[in-house]
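The structures considered in this document are given below.
Both complexes shown next keep subunit A, but they swap its partner, so subunit B is in the first and subunit C is in the second.
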Partner chain A sequence: MLEAADITVTFGRHRVLDRAAITVRPGEVVGLAGPSGCGKSTLTRVLALLLRPSGGRVVLDGQPVHRWRHRAPRRTAIGLVFQQPRLAVDPRFTLIEVIAEPLRANRRPLARAHELAEELGLTPELHSRRPHEVSDGQLQRACVARALALEPRYLICDEMTTMLDASTQAHLVARIEAYRARTGAGVLAVSHDLELLERWSGGNVRELAHRYPA
Partner chain B sequence: MAAPETPKTPKPTEATETTGTAGTPETPETPETRWQARAEVSGRAAGRPARRRLLALGTLAVLVTAVLLVPLFAQLDQQLVDLRSAGRPPSWAHPFGTDEVGRDVLLRSIYGLRVSLLVGLTAALVSVVIGGLVGLLAGAAGGVVDRLLMRIVDGFNSLPHLLFGIFIVALFAPSATAVVVSVAVTHWTTAARIVRSEVLSLRGRPFVDAAISGGSSRARIVHRHFLPNLAPHLLLATVLMVPHAIWHETALSFLGLGLPAHLASLGNMINDGQRSLLAGDWWSSLFPGLLILLPTLAISALAQHLRDRSNPRHRSELTL
Partner chain C sequence: MKLRVDGLSVRFRLPGAVVQAVTDARFELREGRCLALVGESGCGKSVMAHALLGLLPANATVTGHAWLDSLDLITAGERTLAREVRGRRIGLVPQSPAAHLTPVRTARAQLAEALRELDRPETPDELARRAGLRPGDLDRYPHQLSGGMAQRVANALALAGDPPLILADEPTTGLDRPLVEATMAELRRLCDEGRAVLLITHDLRAAERVADDVAVMYASRVVEIAEARTFFTAPRHPYAAGLLDALPTRGFTPIPGRPPELTRLPAGCAFQPRCSRATALCDEQPVLNGVACHHA
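Presenting the complex of A and B:
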């Protein structure tokens, strides 16, 4: 279970999150909705162990998290798909390198990268292209493949489909659903599109209220 | 029916007249001149820098070839003087003339240029490597390490760097190594600042977060993401540093602190030549001076081009 409780994040004097809480159980889809600027992305960064909160606790599979970013040894148990694929990939990498990077970093067999690329509908001629040579949809497919490469127990999709057309959106959600069904991973879907979240999570949607700056 | 038509008919004529009269000063600006202006703009954007780049490349190619090939065919005895042919003006036998002790200025200039280019390049490389490492460490580590290193950089920058360079070079016996150390120690701070700011900007990018999330270690992020993205900046910093390092080498030699006085170095030669300048022997200082000016201008022009190319927006325009 990935559990965050009483999460408070402040940037300087500005409090971005105030005692936010969310729980993702293995095998379930949780939707997280809320207006823009309410701290959804900040909460996902905390949950992905990329940002140490000013207050509160994160518990991953029963063990409280004390270390963050590079120092968090269990960070690969949580996959993260970013909102903007253009910013989320190194512009010098080819698509297959993007997918293979976590496998390389963890010394896993690289053949998995090609399987993932195929699963996500990236044809072989796209493998050697760089981010500026492909569309947002193709790039986001590579990002989803990268997030799934290490078979995370929890997957966080931060506004994953916001910039994409309906068919790519449906395809990516279907791929993630297939992954969830196969591995029993928990999925946290973040979006401001309530309709999508309701449908994806079967009504299991939490709302993050907007906080006006204090 | 006729009544409303009559006011209608003059209207368009009025309109055409007004556009015609108002358009007269504009007409020369619209069709042909727009093309002319565009041609001029494209000429300014592509033609002239291209010509300048070619000129710079050609100059550098000639000088580098001379520096590489001439010592193979014409050995220079640094100790040899020939007082019988002292102070000769440029001629076919001595195209750059001879100096006050009868040494050929052309041959010595080429040997001097070899030293200057070598010292300039080495000093630039060493300073960029030192600066790059410091900047990388400061940017990647952050916190106390960053603050401490940047205060050291500020400390170095607050010193007048030529004076500091003279102080450093005075600690050693005159040699090329001393000049390299002096230039590197006084110039690494620029590269450190460039690299640090670039690393800080890279650190905050989502793809670095993605790499951390994918289990990459700090070292792996530096190796896979930071260094490849920094490479163009480092190359540019090195190329921009080369002419500056050459100026420092020649300045130190001119002051008698660079290479030993008997060795051919452009700074030494200008220094030697200034004595004969009063006697009217303009060539013994002018030609070594030109040989400092030409390569440094050429390298600067190429660096400018490289900087334009490393700017992705400009690069896309160039490739289109």
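Presenting the complex of A and C:
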């Protein structure tokens, strides 16, 4: 179980999150909704162990988290897909290098990257392209493959499909659902699109109230 | 005002390849109407918008015509486009307004510059009021504007020259639902004032909210044009039907397969490899007559 409780985050004078809480159980999809600027992405970064909150606690599979970012020993248990794939990849990497990066960093067999690319619908001629040579949809497919590379027990998708067409959106969600069914991972889907979250999570949606003045 | 796109094609030369970005596009748009051009990313929608404004890079070859009343936008020179068309006869509502604005100048300075260049008598405050901004908002720099305010500043810039045709290129990317709704309501209002709006978007629900007519693009070609009401209840092209069925409120089922590379389009119908209705007939390119499909 991935739990966050009483999470408070302040940036300077602004309190972005005030005692926010959310829980993701293995095997379930939780939708997290809320308007722009309500702190959804900030809460996502806390849950992905990328941001130490000013207050509150995160508990990962029963173990309280004390260290964050690169010091967090179990950060690879949590995968993250960002809203804007172009800002989330090294522009010098080819798509296959993007997918292989976490495998390389953790000394896992790199051949897995090709299987992941295939599962996400990236044809071989796309593997050697760099981000500027592919569409947003193709790049986001690579980012989902990268997030799944280390078989995370929890996957967080922060506005993963906002800029994608309906068919690509349905395809990516279907790939993540197949991964969830195979591994029993928990999924946190963050979006301002309630219709998407209702459908994906089967109605298991939490709303984050507005805090930060837009 | 009438825009008549007639056989418009755009090719990009790359080392060792030619990208077929737009192929033989034909449609009409009149004042008071909103035409939504929908399709997935990379299908050629935005290239079409840039071709109409003469903003394509040097490696692009454009053929065909795009008549804005009696002026052909494709053969018109840069001088004509710069002095008579951009901002005056066609206003562009850009993708991601916050990135479109100059970060080191206030909204007021940018509106004032646009009005001056377009020889308009209005003041920035009057223009801002028309776009739903308070004059005080204009003293802010782009990073101090919320997403909605940045959108309204971009709209005000597009309207500065009072153009009869508005080109909105993915105006809702990255906006949340309330802002999408507000942006669509604003585009609708521009139509109701008698302007023509060409809305380029991948967001079918945004298109449904505002469009009178819908044109669907797939792999560089317009494959269906229909009245919006008919389109959203009974799409005729198998690709259009698949796109609608992928919506979370409908089937949430992706279209099988993937779109072809624009450098290697198959002969005949480009949707054929993904289509459940494909037959030997589909090796021949279907002609667009409302819908470009041998089986529709």
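Quick note on the criterion: the second predicted complex is superposed on the first by the 211 of 214 C-alpha atoms of A that agree within 3 Å, B and C clash if a C-alpha of one lies under 4 Å from a C-alpha of the other, contacts with A are read in each partner's own complex, and residues count from 1 in each chain.
Simple rule for what comes next: contacts are C-beta pairs under 8 Å (C-beta built on N, C-alpha and C of every residue); 3 or more make two chains touch, one makes a residue touch a chain.
If you're wondering where the values come from, they're calculated on a predicted model, not measured in any experiment.
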Touched partner set for A:146, first subunit B, second subunit C, both or neither: first
Contacts of A:125 with subunit B and subunit C, given as first, second, both or neither: second
Touched partner set for A:95, first subunit B, second subunit C, both or neither: neither
Subunit B versus subunit C as contact partner of A:70, first or second or both or neither: first
Partner chain(s) touched by A:174 [first = subunit B, second = subunit C, both, neither]: second
Which of subunit B and subunit C A:193 touches, first, second, both or neither: second
Touched partner set for A:87, first subunit B, second subunit C, both or neither: first
Overlap of the subunit B and subunit C footprints on subunit A, listed as residue numbers: none
Touching residues on subunit A, where the partner in the complex is subunit C: 35-37, 83, 121, 123, 125, 135-138, 162-171, 173-174, 192-196, 198-200, 214
Footprint of subunit A on subunit B - complex, ascending: 205-207, 209-218, 220, 224-225, 228-229
In the complex, subunit A residues that touch subunit B: 45, 48-50, 69-70, 75-76, 78-80, 82, 84, 87-90, 92, 101-102, 105-106, 143, 146-147, 149-150
Residue numbers on subunit C that touch subunit A, as the complex places them: 39-42, 146-148, 173-179, 202, 204-205, 242-244, 246-249, 252-255, 258, 261
